[in-house]
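Here's the structure, in structure tokens; my notes come after.
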Amino acid sequence: MSKSTLIVIDQPPYGAWAGREALDMAFSLAAFDQRVSLLFMGAGVNWLRKSQETSEIEQKSVEKNLSAAPVFGVEKLYADAAACDQYSLFPESMIAGVVITESSSELIRQHSHTAFAG
Amino acid sequence: MAAIPVQNYTLVITGAPYSSQAPQTALLFAEAAITAGHTVDRVFLYGDGVHLASALVTPPSDESHWPALWAKFLTDNAIPGIACIASALRRGLVNESEQKRYALPASNLLDPFTIAGLGEWVEGTMTSSRVIYFHGGG
Amino acid sequence: MTHIHVLHILNKAPSHPRSVECLSALMPGDTLLLIENAVLAVASLNEYRAGIPVFALAPDVIARGLGECSENTTLVDFAAMVDLTAQAQQIISW
Amino acid sequence: MSKSTLIVIDQPPYGAWAGREALDMAFSLAAFDQRVSLLFMGAGVNWLRKSQETSEIEQKSVEKNLSAAPVFGVEKLYADAAACDQYSLFPESMIAGVVITESSSELIRQHSHTAFAG
Amino acid sequence: MTHIHVLHILNKAPSHPRSVECLSALMPGDTLLLIENAVLAVASLNEYRAGIPVFALAPDVIARGLGECSENTTLVDFAAMVDLTAQAQQIISW
Amino acid sequence: MAAIPVQNYTLVITGAPYSSQAPQTALLFAEAAITAGHTVDRVFLYGDGVHLASALVTPPSDESHWPALWAKFLTDNAIPGIACIASALRRGLVNESEQKRYALPASNLLDPFTIAGLGEWVEGTMTSSRVIYFHGGG
């Protein structure tokens, strides 16, 4: 198995900072030319919803950060299929470029290193 | 529509800025309460909430500075902002008097916040008509 | 506005144990206000006890891209949240 | 309804500090002669188990703190019945003086003020 | 000691959503190590996938008064926890 | 019983002391690893974990002083303890150079901890044979 990292975000956006800081970990690995992908599972799939308008809660939108992920060299954005169902997150309501995975457990095994958002 | 009774609020914040949304929700709530003609008796920081009173917080320039925004709101409206002393000492938030007492290398309490005991919270529950808690989201 | 006996303010995501505890504590005459992560309930497959008015804080709903999904939930701004807390006899912050 | 506070702890001991700090809130109310009781629900009922030996994790036992609650003027220690079942917490494995409640929801309504551990 | 493919280190209470995720991710060949709040699983009504060795950190178990309840779980000290991490091919901290 | 291969660990702590059990579990693990003949390449503090490096934490005298215990362990074993700069600035943990750069009233970083970027964590993942995370318990 070649060296590669899976960063897992299972917390929803805006209510906590751990997800943002996990995203920074992914960007940092990519900046050092390390292989890295992101997996959104549980309530974390809500990061992937389109049309997040955050000005009234005075936070930056995570949607913009996420859409920059491929540009910065993050290989894949995965979303857990069961979690998407749970939160009524359908392909048409999701940002572009997300790969739905039926088995997050298999995905974790395909990476040599896994780090959860704190 | 019935008139809304005027209330005097004690707000308790237990979630830290840049970890939870609690300080920002609490500030937007407090501003709306004042605008509606209510009063805020005091704001009590407890547990991880004491980090809101740090003078050293330095967020990136494109993120809101929650300690500074809170400090301005408290000052503008003459509302006491009190960090619980037991929570604060455990988490490394101290004023000059605690710095001296414990021979610490610095102090880091942001003006106009003060440090005091849980009695301030107890008094808030006794004197105000509404106590609202803003917890971390988990 | 109608009389509110207990106002429950919930800020936890639907999967958080305290969210489960809160929903099972609701009784007739209560009102539920969803804020922060709890607004995700409008997109998830929860069922509420019948007859409980459910409000959700609009800035939190809109931030999470959920403005279109809130069928059984009334969106409120911070001013209306303050009104709810001023009118309730008892307030519980979950 | 006379003024009385219910402090609710639904987090287990030792893994986090919020429960300890909630206990301090109860003691502080009692010290100011305010009526206060404690309710343990969810994973929080694990506070009530006997024979907690904490020297190896280098924390103080919460069992000692709790047994001091009546002395300091905390009126009642309540435990949610369903949560006790969930964690196999039977009367013989519980510290003395705990009242089991079948409806935490009713209990909350019987107090004028409720505060959760953060 | 037997070969460990994936060592899952879980520190969340059984009611925490990540605990649920962790248990459903276990596969044959994996090992589960319960630490901190996760040791409460030895007292709760969880079922593990058959054939997964389950360890629990003794200092955490004893601190929580659970020394007597750990039937299907092997208690380990910190030295044995280190051994488990040294032998596992892959480690996941939930 | 097969011999246990010697490993070089990077430890990442994301939970704060006096909020989570993460720093204490990590310390007991690190001590056991050293005792067993393994090495610890570095300890990286991230997110709320940066509070472990505060020089102002003052717990009650009958509670363990986790920052002091960690500082001693790092010094005794010559292990680098690094707080992530982005996490640290947001949470009010700064060294003298950040104090100057941002014109802050004090600094509060505990010796021998240092402040540096996420590159230190990336390097840890590349050079050590095991990376273990100690998160908050939630």
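The chains carry the letters A, B, C, D, E and F, assigned in the order they are written, with residues numbered from 1 in each.
Here, a residue touches a chain if its C-beta (ideal position, glycine included) is under 8 Å from a C-beta of that chain, and two chains touch if they have at least 3 such contacts.
This structure is a prediction, so every number in the text was calculated from the model and none was measured.
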{"item": "Intersection of the contact lists for subunit B and subunit C", "value": "A, D"}
{"item": "Touch-network distance, subunit C to subunit E, counted in steps", "value": "1"}
{"item": "Taking each chain's C-alpha mean as its centre, the one farthest from subunit D", "value": "A"}
{"item": "Same or different residue numbers at the subunit B/subunit F copy interface, by half rule", "value": "same"}
{"item": "Between B-D and C-D, the pair with more C-beta contacts", "value": "B-D"}
{"item": "Longest centre-to-centre distance from subunit B, chain (CA-based)", "value": "E"}
{"item": "For subunit A paired with subunit C, centre-to-centre distance based on mean C-alpha positions, whole Å", "value": "27"}
{"item": "Chain centre separation (subunit A, subunit F; CA means) in Å", "value": "26"}
{"item": "Geometric centre distance via CA averages, subunit F-subunit C, whole Å", "value": "39"}
{"item": "Junction residues of subunit C - those touching two or more other chains", "value": "11, 13, 15-18, 36-37, 59, 93-94"}
{"item": "Junction residues of subunit B, two or more chains touched", "value": "18-19, 21, 28, 47-48, 63, 86, 90, 131, 133, 135-138"}
{"item": "Where subunit D touches two or more other chains, by residue", "value": "14-18, 42-43, 57, 59, 113, 115-116"}
{"item": "Pairwise chain contacts, counting only pairs that touch as defined", "value": "A-B, A-C, A-E, A-F, B-C, B-D, B-F, C-D, C-E, D-E, D-F, E-F"}
{"item": "Subunit F residues within the subunit A interface of the complex", "value": "12, 14-15, 46-49, 86-87, 90, 117-119, 121-122, 125-126, 131, 133, 135-136"}
{"item": "Residue numbers on subunit D that touch subunit E, as the complex places them", "value": "11-16, 42-43, 46, 49-54, 56-57, 59, 61, 63, 86-89, 93"}
{"item": "Complex contact set, residues of subunit E against subunit F", "value": "1, 9, 11-13, 16, 18, 35-37, 57, 59, 77-79, 81-83, 85-87, 91, 93-94"}
{"item": "Touching residues on subunit A, where the partner in the complex is subunit E", "value": "10, 41-43, 104-105, 108-109, 112-116"}
{"item": "Residue numbers on subunit B that touch subunit A, as the complex places them", "value": "18-21, 24, 28, 62-64, 136-138"}
